[in-house]
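For reference, the structures are reproduced in the following blocks.
In the two complexes below, chain A is the common chain; its partner is chain B in one and chain C in the other.
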Partner chain A sequence: MTKGLLINASRCIACRACEVACSLSHEGEIDPSKSLIGMQLFNEAYFYYPMVCAQCEIPYCALNCPTRALEKNPETGQVDFIADKCINCNLCTVTCPFGAVTVRDGLAHKCDLCDGDPWCVKFCEVGAISYGELPEPADHLRALPYLRFTDEVVPLTPVTGDAPTA
Partner chain B sequence: MKGGYAGKFLRVDLSSGSVSEEPLPSDEILRKYIGGLGLGAWIINNEVPMNVHALDPENRLVFTTGPITGTLIQSSSDWTVTSVRHELHSKVIHGSHSHGYWGAFLKLNGFDGIIVQGAAASPTYLWIHDGEAELRDASGIWGLDTHETEDAVVVDIGMVAETSVAAIGPAGENLVEAASIENDKMHSASKGMGCIMGAKKLKAIAVTRGPYPVPIANPKEFLQVSLEWHKTVEGTHVIAHAARARPPDAGDAPYFTTGKNFSDPEWSKEFRRGVSEESEKFPVHPRGCWACPSPCAYGIDVTTGPHAGYEATLAGGFENSEGAAAMAGVDEPGTVLYLTDLVDRLGLDVGTPSCAIGLAIECFEKGILTKEKTGGLELRWGDAEMTEKLWRMIAYKEGFGAILAEGPKKTAEYIGGEAPNMVVHVKGSGPNLHDWRARPSIIVGQAVCPAGPCWQGSLGSELMGEPDLGFEPQDPWEMKGKGALLAGTQKRSTFEDVNGVCWFAANINMRRTPGYHTLMARSIATAVGWDDFSHEEVLEVGERVMNLQRVYGIRRGMTKADDLDIGPRFMEPHTTGAYAGLDIRPHLVGMIEEFYESMGWSKEEGKPLPETLKRLGLDDLIPPLYAEPAGSKPT
Partner chain C sequence: MKRHVIIGNSHAATTAVEWLRKVSDSDEVVLISREDGSPYSPALTTYYLSGKMSYEQMFYLDYSFYKKHNVEPLLGAGKAVVQIDAAGKAVTLADGTSVPYDDLLIATGSKSIVPSMDGGRLPGVLTLWTAEDARKIDDAAQTAKRVTVVGGGLIGIQTVNAMVARGKQVTQIEMLSRVMPVAMDADGGKIIEARYRDVGVDLRLEQRVDRIEDSNGQKILTLASGDQVEADMVVMAVGVVPNIDFLDGAGIKVDRGIVIDDHSKTNVEGIYAAGDCAASVDAISGELSVFAIIPAATEHGRVAGLNMGGLPTARLRNLGLNSFTPLGVPCGSVGILDEGNGREGIITVNSGGDYRKLIFEGDRLVGAVLIGKPLDEGGLLASLIEMRLTDPKLKSELQQGSAAMNYIRLLAQEKGLASELAIPARWTS
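Right, the complex of A and B next:
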């Protein structure tokens, strides 16, 4: 089983704490454009969700990477990025169907799952992002890129204390 | 200074049409005033002379953020607009706060704030993008309501994604005193800042998310502080009540709901229950502000009643609905949400006009006000169509609406007879609309707040205890000590107005948590790099800003008599229910004097003492305060 980030779009409220936490923990500064998890916003429809590396079963980014800087890890099932091998050819950004790989400063960037303790999950109090075992895609989807959305509702913290009064 | 701040201000001179950048004030000044209301008040005090009226071009409209704005601290979405408050006859410096994405987007453009001066010859709007700013023609959108303006501006700039627009509506254009600035469809900077923007013919400020990172001095520590903050707030998610437009019917809450000009607490209680229960059936779409997982902002689809099919975009608690509908006796749930949204669209704050509306209707019902004086209008409790008409007439200053737009005190004078004894106001303007007669310290807080009635006046001493200020929730019936506790809560409240965090979403539970002040101090220390910023400094900054505002107010003619100027109805005890007979009137002067003394102000006049100003490093304010003859400078 592959561990990765699960997205529950119905929970997302577009607070963007995931983007801020990601850029702050990786870059030491606040810049959503450098976040490895990116908000998709359809404000008029109140529909929003974060897009992030799906650790695809068959990762197009890795298939097309000429230097194997991106590679499916046979043990963890995750798509690893080896910075030393990256030659800044941009093929990964073109082939990833989710826009989850970006290239800046001559290097590809994608979600590294924060060594198994993702900051975005810690700050997602509404439970739109969780870290766990990704659901197996159905057989007919196995060869296709498959974003791991989930219907599972992560319970919110129960309400305690008094109501705000303003 | 290593982080927290973007590093510069934008100065916009509308008279000459020029836009320029300037550096932030020195590190020393930043540490004294931090940002938000603090920096805004400092700039107003420096740049706006005592004889300048709020609507004069020489007045400044200062948009500021704090060093925490746009970061990871819970609801670090706060942006502030500070100016001389027109509602209070240009006597005070007031900072209004709003939220959403606007402040964070501004900072990501490399600006900590915008200083707007002068007045444009024709309608104009400002667009900030890619770290640059340009003034653009707004003739085509002048006249639109705030929501239409937001959409029209985004179209005008070419549908650029991730653009947040702060705009005025018809009320601001027509210089209605209570006009507000609305942004991101759901949020507003209230208490009359919109009419100053209108006087400058500035229709909107659009900010597209910028490409400049916000630096953080100590990212690792700051992540930990943010996480601690989030985890502390987690227990009381606003999401579960405010975002569902149904505040819980728990404890004493019903007694705080107001309606019908504060004349009928039992009706108001029923109003709250009815609207809460009915609107529970409406689909709700919460939307968070920057880094805020407790969304009090939401879209809501009205599915029943005459406004079925209407989608309202609201935020905050019940305050706006009480003002927009309950004060006129309207309680059909869909109509309540529709009217609340209408007031936002017109670009109005509810407090001041609704106290005038409530008073007028009650006077009409009692025969004190007649058709001759209302321009033929028949005013009755619960007439939704008439209420909508009145709101529109206020925004456009039409007929009787022009009288109501002047606020409750002037409306009472216009009506005459018994009306001045039935009015709710603080210094002539509307208070934050709940029935605070069951929580007297909040009434006193609204009265002595150096910005005039607003939430800087704090939530008082009875609703919750604050371990960091060393007190347990106070008995509402106990009048002694309220003034002294209020001095502490207002200093803390004022700090929450300068750091860039929304107090409503983030701070309510924090105040009950020991170590809150230390956490605020650590957030500043780790973001900016002032490693020795302490929790004592938190209260000191709040106190300094309050004193600056107070001195400015006194120099412009604010007196103790103004602090005691409260509409009689706002202090009239309930006759039924748990708080019947709770009467603050005999204690009011004592409480206010106790507050003055706790602040280090003179008991007789509420004038900051020289030693208080010296202790706070405000020595330069002593000569003008004590040498000048007080007040009455503005025309």
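Right, the complex of A and C next:
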């Protein structure tokens, strides 16, 4: 089983506490532009979604990394980043279906789950982000953790919990 | 137990091995390459030449790869495949050995085009694709002061990067009116050209090299315009072509590259192809294309490996995905960049070195050119392109907002995902 971040979009109020927590955890400063989890807003629809690495079963970032700086960890199922190997080629940025890998200061940056103790989860007051076992895809080789143009739809990132009552 | 034979030893081949082994532990796998050594990436040669990595670091996997995946490697010049006997299901190697297969994957990649001009093969006139090419260029660059790069495509650009990093005086010659004619548009090209001027690269556009002569080791390039350029070393980076000259008689259909379907299968039963040597249908344009890019190689290879291992699988993506960093400027492009034919390009960002152009076909996003900060959106825009959404509001929304917000909203709405994402219906109406 792979552990990762579970997003319940219906609980998200776009307070951006996750971004604050993430930049604080990784950079030691409060700067949402350096956050590895990115709030995506669509105000018209009152829809918010904290976009973050989905630890994909088919990890396109890692598949296309020419130095294997990004690699699916066979033990944990998580996509690890080995900074020493990164050459700033940006292929991860253009191949991640979520835009969850960005390049800054000559290095790729992606969620590392804070070594198993994600700060975004701790800072999320409304329970929109939790850390736990990602559901097993029906067919782990075929199912894509992102939306395809077929009817074989698997959610962007796994979702748990109930929608809030109005 | 099946015997899978794979020809090639880079991204397409190694990805195929890795995914084949996810579904088949016991089958026999033989990997054949005319190059001796563990797998390396031709995309890394210019990083080695720039001093950013060692020669060894181009080899992204070491020999333990073969052992780990229980692969029998047949490597070296003597192991080059010279013929495929499709009827007898065997390949013949240069040393005369015959290797039988149950199924075969051709993942032999590209090779450099050596132009037929006078002087194109003089000593000191080099091409760059293989690790060996890179070593030769490294040797020549030890003493060369002035380097001329012929060609303004990806390899040309990356070679200029490397030579500038090594403090060479660099001239680049491109036949067309801009650098990166395939993976960049005219305005994006101007941003790159401005950076070239800042750094002092002598960029000659719309110039064709007529001939190269040697004068006491010094190369003199005569351009079609009559201008002459002197150099200590010349790198010809005029493009690559599929490396498939051993296919004669096998009956495999070729149209620029080996034609494959969405399962990476060729027209010949039991023969697959993947990567730079393959021609596949671009998911966005619907046209048969040779993508000489890592993302195509790995997806073709992944799908080939699964199918060979016994799990019928179609590929999930097949579109242009490029990234490159000319002299430190992060650039990328996704999807189709050609305008015309009813396609319209809209520049939504163009300031301070940042650039974002979206290409639409009607209301449908088909491509994007990105420089600087907007490159971070590349992956999301590619997803949006692949979703083939034709929301009439999409064009104006994309021009204003980020790709992501639209992506999410459309994801929720158009695919009826509201329930799966646990979004109350009223929020997405």
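Please note the rule applied: the second predicted complex is superposed on the first by the 140 of 166 C-alpha atoms of A that agree within 3 Å, B and C clash if a C-alpha of one lies under 4 Å from a C-alpha of the other, contacts with A are read in each partner's own complex, and residues count from 1 in each chain.
Criterion: a residue touches a chain if its C-beta (ideal position, glycine included) is under 8 Å from a C-beta of that chain, and two chains touch if they have at least 3 such contacts.
Treat the numbers as computed from the prediction; the structure is a model and nothing was measured.
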item	value
Touch count on chain A, higher of chain B and chain C	C
Which of chain B and chain C A:1 touches, first, second, both or neither	neither
First (chain B), second (chain C), both or neither touched by A:107	neither
Touched partner set for A:25, first chain B, second chain C, both or neither	first
Touched partner set for A:82, first chain B, second chain C, both or neither	neither
Shared contact residues on chain A - chain B and chain C	41, 46, 156, 159, 161-163, 166
Residues of chain A that touch chain C when the two form their complex	8-10, 38, 40-42, 44-47, 49, 51, 58, 60, 63-64, 66-68, 87-91, 93-103, 141-142, 144, 146-149, 153, 155-156, 159, 161-163, 166
Chain A contact footprint on chain B (complex, rising order)	70-72, 108, 161-162, 209, 211-216, 219, 222-223, 226-227, 230, 234-242, 247-248, 250-251, 253, 256, 285-295, 299, 316-317, 319, 432, 434, 455, 459, 463-464, 504, 508-509, 512
Chain C - residues contacting chain A, complex	11, 15, 22-23, 41, 43-44, 47, 52-53, 57, 60-61, 294-295, 298-299, 302, 306, 311, 313, 316-317, 321-325, 330, 332, 334, 375-380, 382-383, 386-388, 401-409, 411-412, 415, 417, 420-424, 427-429
Of chain A, residues touching chain B in the complex	13-17, 20-21, 23-25, 27-34, 41, 43, 46, 119, 122-126, 156-157, 159-166
